[in-house]
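By letter and in written order, the chains are A, B, C and D; residue numbering begins at 1 in each of them.
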Amino acid sequence: MVLKTYRQAINEALVGEMRRDADVILMGEDVAGGAGGSGEDDAWGGPLGVTRGLLSEFGSDRVLDTPISEAGFIGAAIGAAAAGLRPVVDLMFNDFVGVCFDQVVNQAAKFRYMFGGQDQVPLTIRTMIGAGLNISSQHSQSLYPVFSYFAGLKVLVPSSPYDAKGLLTSAIRDNDPVIFCEHKLLYDMVEDVPDENYSIPFGEANLLREGQDVTIVALSRMVHVATEAAAVLAREGIEADLLDPRTTTPLDTESILDSVEATGRLVIVDEAGPRCGMASDIAALVAEDGFGHLRAPIVKVTPPHVPIPAAPNLEAMYIPDVARVVEAVRRVVAY
Amino acid sequence: MRTMRAFEERMHVEFAGGGVPGFVHLYAGQEASAAGVCAHLTGRDVLLNTHRAHGPAIARGADIFAVAKEIYCRGDGLCRGRGGSAHLHDAANGLWAANSGVGSGVALGCGAALAARTKGTGGVAVALVGDGAVNQGVVSEGLNLASIWKLPLVVVFENNGYGEATAAEYAIAGGSIAHRAEAFGMPGHRVDGSDYFVVSESVGTAVSRARRGDGPSLIEVDVPRFFGHFEGDAQTYRSPEEAERARRERDCLVKFRESVISDGVLEAESLDLIDGEVAHLIERVYTEAKAAPLPPDSEFMEYIYADSH
Amino acid sequence: MVLKTYRQAINEALVGEMRRDADVILMGEDVAGGAGGSGEDDAWGGPLGVTRGLLSEFGSDRVLDTPISEAGFIGAAIGAAAAGLRPVVDLMFNDFVGVCFDQVVNQAAKFRYMFGGQDQVPLTIRTMIGAGLNISSQHSQSLYPVFSYFAGLKVLVPSSPYDAKGLLTSAIRDNDPVIFCEHKLLYDMVEDVPDENYSIPFGEANLLREGQDVTIVALSRMVHVATEAAAVLAREGIEADLLDPRTTTPLDTESILDSVEATGRLVIVDEAGPRCGMASDIAALVAEDGFGHLRAPIVKVTPPHVPIPAAPNLEAMYIPDVARVVEAVRRVVAY
Amino acid sequence: MRTMRAFEERMHVEFAGGGVPGFVHLYAGQEASAAGVCAHLTGRDVLLNTHRAHGPAIARGADIFAVAKEIYCRGDGLCRGRGGSAHLHDAANGLWAANSGVGSGVALGCGAALAARTKGTGGVAVALVGDGAVNQGVVSEGLNLASIWKLPLVVVFENNGYGEATAAEYAIAGGSIAHRAEAFGMPGHRVDGSDYFVVSESVGTAVSRARRGDGPSLIEVDVPRFFGHFEGDAQTYRSPEEAERARRERDCLVKFRESVISDGVLEAESLDLIDGEVAHLIERVYTEAKAAPLPPDSEFMEYIYADSH
């Protein structure tokens, strides 16, 4: 094992699967380093450096720079997937799903069902989520609740380099359309990541910490905020079960319900919006199927219902932080 | 072409009588387009259909019984009753259904063409698109993509004069779809879609070009639409004479018959024979489709994910 | 008062507001009856007959047929709204938001906030929701939970002709972007509707029935399913408080919480999807803020997580029905 | 133009030093485009900006202090710190910010133009769009809409050769944006964007046409981009010589200076004087912007809805 960044882990999953299966191709804006220019090819690796080196190894038939036509190239990726390739598409910021939403939620998600199971659409869409870079409300959203609304999609929210590599590997091998949500503040996070390929199954939550007083469910970058909060709480004698679902569709409802059965208390920490979001989704699950074990209100720690501001101070107010999680847990424990 | 026509004329009657679920858009009048396209396609090619789907599905060689059953949402319809009239999909025969929004066949077709090239199958993709759908952004995006990647794609715009009720002349800037070809760096032509031979020749050239690896083409096929946008449409927006005149002057079946007879290719008797056989077939198709059972309730939650069936 | 259909009620609201305010304009596919053809103008009134007569009265400067370019004309409507008009746009099926999602959730919703309150965007988007016509998964969705995810939008789900007229009137007078969701199975519903203009405020639930045993919250067409269910239950001696929120943003959280405080039980009946949907949203609200009053699990009666099938028998299984609501209520009452 | 240039060169330095929040895209090299456009706009007109926003905002006459403060996300920035560098919006001065996705200014511009016409203000809308953004579907949709509705809209494509790292020559089928004008039934031209007078003349013609009610036009303005796509971009995808050559041969400020001096319109001294004043102004602007306070925390939840403030 070697320390690797989230960025490297993603790159390794791509390389690994492209070596393993010649049907895996890559498409997206600048993923080949910017085609047609007067400089070097493949020196850039896209806005995030994630795809560097792939063009050189796999060639321009398998690593395709696209025009700024998300509906066009995601539609093309769906068609290519239905015709036997396994495209991995880069959507850059998940906010841009706005310009290709029909392709994602109406075409990719429903292609199999609507035609009675004739086809499969092994498509992976990699896309960046999350606030924290002061780039305002159209480049900072976390839209996995919206993706999770639609049957036919699978949705992943890896919170660490290890999970990113394993889940992306599974996504590429999976025969359904998968949205792989990379949090933009995690790219430089480092962790031990094996060199070899490995896969992590969907729908299996990661139990990061065990405790009997409260269940904390946290997603994506909020896992780290919740981890810190849990450490603070432990010093006060409050022990939390900390769960990272890792995938929102399929969702590991069993682990969540089992944990709440043991603790009787649930706090959900999520950076996505408060209305019809993942926090609501999980709270509603437990309020129906785990009600008998609940000993306190289910508290959701999310941003308020507001677009995301650019200004650093306001953006910091937007994103849930350790203090808010600690306060929420104290409240439910004291209930 | 006769099969497509007879299928639709019967559908028109059946719909009026009730019992056909959903919305139904009839292809009558446009048959030479689908026939002219499908004449050039082989098993490895993909045809991307529109919502006006019955005719092209039949022309592409999908089982006509399964087509009818899908329109009736039956369990052994092409899509096991999940899609209905507008979504006739037969993957094994290289027929892909329309997905709403309209026009997305161009993008999906880019993908089918890309896969064919990457895998070296020699296949091409042909996307059918309406004159209304040409104004969807994804169509422009797809045309551009096909052009810069030189994909084996042919985009056939079936201009039947209307997108629902709105006239193509009103909705399309510059008045011509073929015009857009040049903007996207590909050859484009406008052809008379009431003449099977004209369509077929034009598509043949474009398909060969695509197969050779020389990139995409665009063809605007001018066709009449004999019925309304969908069944039940009162067609207030066009004069009754317009459709009548089209039936009189631009019926591809009449033109085809005249042409093959005068060229001595076929005789009137053999054509009549075919028409008679078609009439029988259509009768059987509708009888069987209407009698077929709906999909089993127990399969309601199947086919969502690849591992869910 | 005269009996009028939902369709007529919508037409009257449009006529009323267009007479009242010259800035109100209408845009959409075929709303003027189909421009450019050889037949009559304005005889059709769009796919639903809702806009018939408007072209004749208000002229083609104010009633504009559009090409099939939803992103283009909704973008134009946003621009026109920011520049002082009050456009009412017809999106036909709400599923088509796929091709103009960026305009709706990134542009319209954020135009005011992102520019620090300089502008207002008085835009109304009318759109059809709901299953029941056997037209499969891309023409039958109910996407108001997705709209409700985004701050900056207001979202309305009128369940009756009376509400449709009053809420559409309010929507057109409102200075923010409003999504007005018309259920396609309600167009022929009739009810007493006043001839004169009237408006219904947003965020005020309609209490359709009072009871002490259970709170039923139902939306859009499900209000009628729930009404029937409540009648069945009343015969068994179970009396339900039946609430129709009418608007999902803003949501009348107070009325819901007050009702649950009194009944201790909550069943939510919604035709939208089960994941990150309105049923989850309302359940999560109550599991947090009304927990102390809850005496039973919160039950959600929604479709399963599946695209919508065309076949009549399968579609009937998809849509929540009276039997499922009755069963759910019996269950929570017996808990 | 000097103010725009000096603003960006200073920004380049400030960004490298840290302290500028978010992403920043510099306009240096492209100034003749914004200047040439804004020369023809009055208060009732609307300019739709791109994400490369600083230059056009300054050219449109937005308060340069408020521009800088917005880039620094300060409380009295143009958008009270909510938007940042890419979203410079000044409604009172007819400046509308870019909204991502790129290209939507064309659609929004159709609306501004429609409102101007409906209300009879005599205003026009000018949308700036990049060469990369031309391949967004909404751009085609907007061009078509503007054309069939004959809207008072001018679409100016600033072709700086790259959309991020991808070359326009690779991404644009047919190689030319101006080409697309004809497809959408409007006049279109490609002009040298390093020459202020050329841009201005072309825009002038298009704006007059729009004001007369004769409909939209498209102008492709060829410009160099002196810095990277955004600040921090290592620009591996283009050769260092390319940008150097552009600075040497296609600097609109140098060309402007030479031209006005040789035509006897202005003297070198007055130009130098202006440059000196600009340098002082820029110093003050940056000093003030950096010292300005962030927005008050208490206003976090304001400006969402019209009645929420």
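The rule is short, and it goes like this: a contact is a pair of C-beta atoms (placed from the backbone, for glycine too) under 8 Å apart; a residue touches a chain by one contact, two chains touch by 3 or more.
Remember, predicted model here, so these are calculated numbers, not experimental data.
*Asks:* Based on the averaged CA atom positions, which chain is farthest from chain A?
*Replies:* B
*Asks:* Using mean CA coordinates as chain centres, what's the chain A-chain C distance in Å?
*Replies:* 30
*Asks:* Once you find the CA centre of chain B and the CA centre of chain C, what distance in Å lies between them?
*Replies:* From the centre of chain B to the centre of chain C is 35 Å.
*Asks:* Round to the nearest whole Å and give the separation of the Cα centres of chain B and chain D.
*Replies:* Once rounded, the distance between the two centres reads 44 Å.
*Asks:* Where does chain C touch two or more other chains at once, residue-wise?
*Replies:* In chain C, residues 66-67, 69, 71-72, 95-96, 98-99, 102-103, 106, 110, 113-114, 136-138, 151-152, 305-307, 309 touch at least two other chains, as defined above.
*Asks:* Do you know which chain D residues sit against two or more other chains?
*Replies:* Touching at least two other chains: 81-83, 87, 99-101, 135-138, 141, 144, 148, 170-172, 304.
*Asks:* Using the contact definition from the top, classify how the chains connect: line, ring, star, complete or other.
*Replies:* Contact pattern: complete, every chain touching every other.
*Asks:* Would you pull the chain A residues touching chain C in the complex into a rising list?
*Replies:* Residues 71, 95-99, 101-103, 105-106, 109-110, 113-114, 136-138, 143, 145-146, 148-152, 249, 251, 273, 275-281, 283-289, 291-292, 294, 296-300, 305-307, 309.
*Asks:* Enumerate the contact residues on chain A facing chain D in the complex.
*Replies:* Residues 29-30, 33-41, 43-44, 47, 65-72, 93, 95-96, 98-99, 133-139, 304-307, 309-314, 317-318 of chain A touch chain D in their complex.
*Asks:* Which residues of chain B touch chain D once you look at their complex with the stated criterion?
*Replies:* Contacts found on chain B: 135-141, 143-144, 147-148, 170-175, 179-180, 182-186.
*Asks:* Given the complex with chain A, which residues does chain B contribute to the contact?
*Replies:* The touching residues are 46, 77-83, 87, 89-92, 96-97, 99-101, 104, 106-116, 118-119, 125, 137-138, 141-142, 144-145, 148-149, 302-307, 309.
*Asks:* Under the touch definition given earlier, write down the residues of chain D that touch chain A in their complex.
*Replies:* So the residues of chain D touching chain A come out as 21-23, 73-75, 81-84, 86-87, 99-103, 132-133, 135-138, 162-172, 234-239, 241-242, 294-295, 297, 300-301, 304.
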